[in-house]
């Protein structure tokens, strides 16, 4: 049974590629989707489609509408959501995607480093599982197929 | 028609009191609810109820389960959610509460300072209205009754 | 049993006042809510709250976010929706409110003049009842209490 | 991942064909569905199935029931809805389909010319993305697959 | 705790009055609602509101739209549905109301005579409780308050 | 796009076979499912699985639980429901299945003879389309693919 | 703000009375509802309403239908569910009520003795909060009002 | 039409293998999924993924979060749920899975021995069908395809 996994979270390193490769190595029947990971493209997509905006505020609103469209399409097709929080940045999109997934009853795994335990405690408590590494998340996915 | 408003967000200043007072001054028929605003009490509630936990990780998980219980009870009774983001802190609970409210179709207002426009752009785009000040939020609430 | 009725539709004449008065004359236990009926206030509410916008496009988007917030709050509290289409204007808000109400399983009455039968035929078919006059709508509301 | 796109909106020009062709040129994995685009067939389908009706009013009601049946079947199968508003006509069906899609949490794109910004402002605000041209809508669809 | 009970079913005898009186005698905190019980009024309501229709077929469709509106309003306000089937008539409205209530997760009691056991077996199996007399239905309602 | 159609209604003639054949002749991409059409098997399935019951009442309840299980499985997989009412019998299962389908937002077609217009008027009004013959229902299904 | 609390679980001691009294002592604005706590009445209610059944199996099925009716009515009115597991008995009704409450998004507290930690671990993990004593549950309820 | 069946319940004998084999013998188009059936693996999965926990209580909570994740993923993909109760053990997970399935409108079959009739009576009454043997459950599944 193929499952679709939405990979929410930071786009500043290659953790998605790592998950995809490890799932392939374990021959898990998983298809992965996620947000636009080119940061500039993600920030500029509003103006790329709608044209020059009057200021950064409007540029951001235009970009976010298209990013939200993409996320909504792909998350609705997903069976599982994994949300990774990194050491840096505010990462409110990650919190938003994880919270939305939980509210929509999507089974959800959070990956976060140890030093984020406290600020993420309520969100972790609502997610199904919270782990610290990509390898642990793969183990949880793998467990579905045992 | 009385409406119940859940006030999500930071608990480090008195913005809730300010909203409650201004709504009373305008004689708006609003009842306000929200999270535990005593920060220590919020962090300690798990051990206060369940007893000493083996480490901070488990203390946090115990506290978060009771805080999430409280939030779920009160948000389900609410007609409107206001979420305020301040200048500091990670505020993932605020993002979680706002995202959950939106996913549950609760009409939602975000209050955030100008310098958070960019990191909050996707969440702002999903909320009904995003403003910068408590006074603006009160104006939006007041508009319901015009 | 008191019922709350949302009055969607054009804001260019006093049809809401007429319904409210006739319901009062018949002593129907109804409370009426609806959109902002001051047209200028409705168009200007965005800038009134959020400040001057760069152009009419952004002024409109700001206003619409607050108007949609108001409508969502009040429609969710309503037991019945009445949507009136007049002879003039595009009235897409009326169509939007009626369609949303129907999709949310709110019992819905449409009032429209005879010459709009054809362009409104699909929406009329989805509504519970379509009538031509305010008096007929009052008769339908009154029938609930017989 | 193949996605199904419902193309709501006017049936007086070939914009659907244009979208289908451009999506094919870009090799997007999309399947398109939509309403009956033969205007006479759409107006006559009620009498074609149910026989001669007593007047245009009943002819319209008969046709609309079958058109609504078709739309409900196809929109429920769709992952995305695009609604195009043209320069002319009342187009309440387009507003109805877009509003229904949004209420059902279908990710929704609106295409409308610049001069319809004001009358469509509330509906645009509720849709995920609003653009002015078919090419822009294709760019948004294409962005899902980047 | 007051509960609202929708009394679906035949309108050819005074069983509703009997239930209301017996509930009052037992001092149960219940409010009862139900369909129009004046059969002629129920059949004529369409023409009463919308005017003379071209034939009985259209007269029936007009009446049913207003009867369905009334039922939808009142059933949505109800906590419990009781549906009584009598010895005669097709009573498809009763079956429709009971089935709708069950699909909407309204706790449902069916009252039917012994000789209707077989034709109603699937519907009885889906209802919470099936009894043969009004007194038994009152006993079940009364049990809520024990 | 293949659609699944649940054929609810009487099992005393071969109308299902007629629909299946006509859909095949028109090369419509439809798969048909429906209830057990062997009447004795349908009545006896409870005792066949659960063993001899104390009386007809319990035999009926046992059978209905398994028939309802089957219907729930197959209707949940369906995109469209067609419910046919014949001239005879009480057919409350047909009314139950059609009402359940409508409450679950399944697009629904009712087929009923002219002399059942009056007793079925409220249910017909809630269905998407009501026709008198199998051929008309096939025309409506066929219209989806035009 | 008054909240309604459903008290699911064993009926073999007076834990409900204890909760009610302690909530009253703390002046918490809570109303408590729950199952029939007279064990014999609960087992006999089916025959009391429906008459003598052919065997214990049918007696049990009759009773359970009325008990389930009562639970569904009262749980749907509740804002919070508390489920208490005692040392003895199978208590599958308690597990059923807690699981149903969680699936319906009712905020849920489980009370269970220490030696039931292992067999209840999956259910505890899905509940909002799990405690060992009535006093702890009261503390959690009290925390809502701080 | 292939259906997916979730097999909830005890993991202490080979009843799942028996069902799978009998379904294959009857050439039923069924795919079976279920919980981790290696009891030790199920109890240890938390520590296997998250590392050594401070005590059995935390070990259990860690394991249950991953087991619940697995169950949620697989049950959401399922069309039918079968829950088997054996003679021994508390089996609250079985009761939890069956109750959750019923609350989510999954068609549900319970298998339980005769001596569990009384303690399972309310849950049996809510399930679609309750049988005593694996063979009977297979007969019910087989009936879908007749």
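General observations
A, B, C, D, E, F, G and H are the chain letters, set down in written order, and residue numbers restart from 1 in every chain.
Operating definition for what follows: a residue touches a chain if its C-beta (ideal position, glycine included) is under 8 Å from a C-beta of that chain, and two chains touch if they have at least 3 such contacts.
Only a predicted model underlies this, so the values are computations on that prediction, with no experimental measurement involved.
The chain with its Cα centroid farthest from the Cα centroid of chain B is F. Rounded to a whole number, the gap between the C-alpha centres of chain B and chain D is 38 angstrom. With each centre defined as the average position of its C-alpha atoms, the distance from chain B to chain G rounds to 31 Å.
Annotation: 43 Å between the Cα-based centres of chain A and chain F. In chain A, the residues that reach two or more other chains under the touch definition are 65, 68. Chain pairs that touch, as defined above: A-B, A-C, A-D, A-H, B-C, B-G, B-H, C-D, C-E, D-E, D-F, E-F, E-G, F-G, F-H, G-H.
Those residues of chain D whose C-beta lies close enough to touch chain A in the complex are 1, 3, 79-80, 105, 107, 109, 128-129, 131, 136, 139-140, 143-144, 146. For chain H in complex with chain A, the residues that touch the partner chain are 4, 31, 33, 36, 38, 41, 45, 48-50, 65-66, 68-70, 72-74, 76-77. Those residues of chain G that touch chain F in the shared complex are 54-55, 58. Residues of chain E touching chain F in their complex: 56-57, 60-61, 63-65, 67-68, 71, 89-93, 95-100, 102-104, 116-126.
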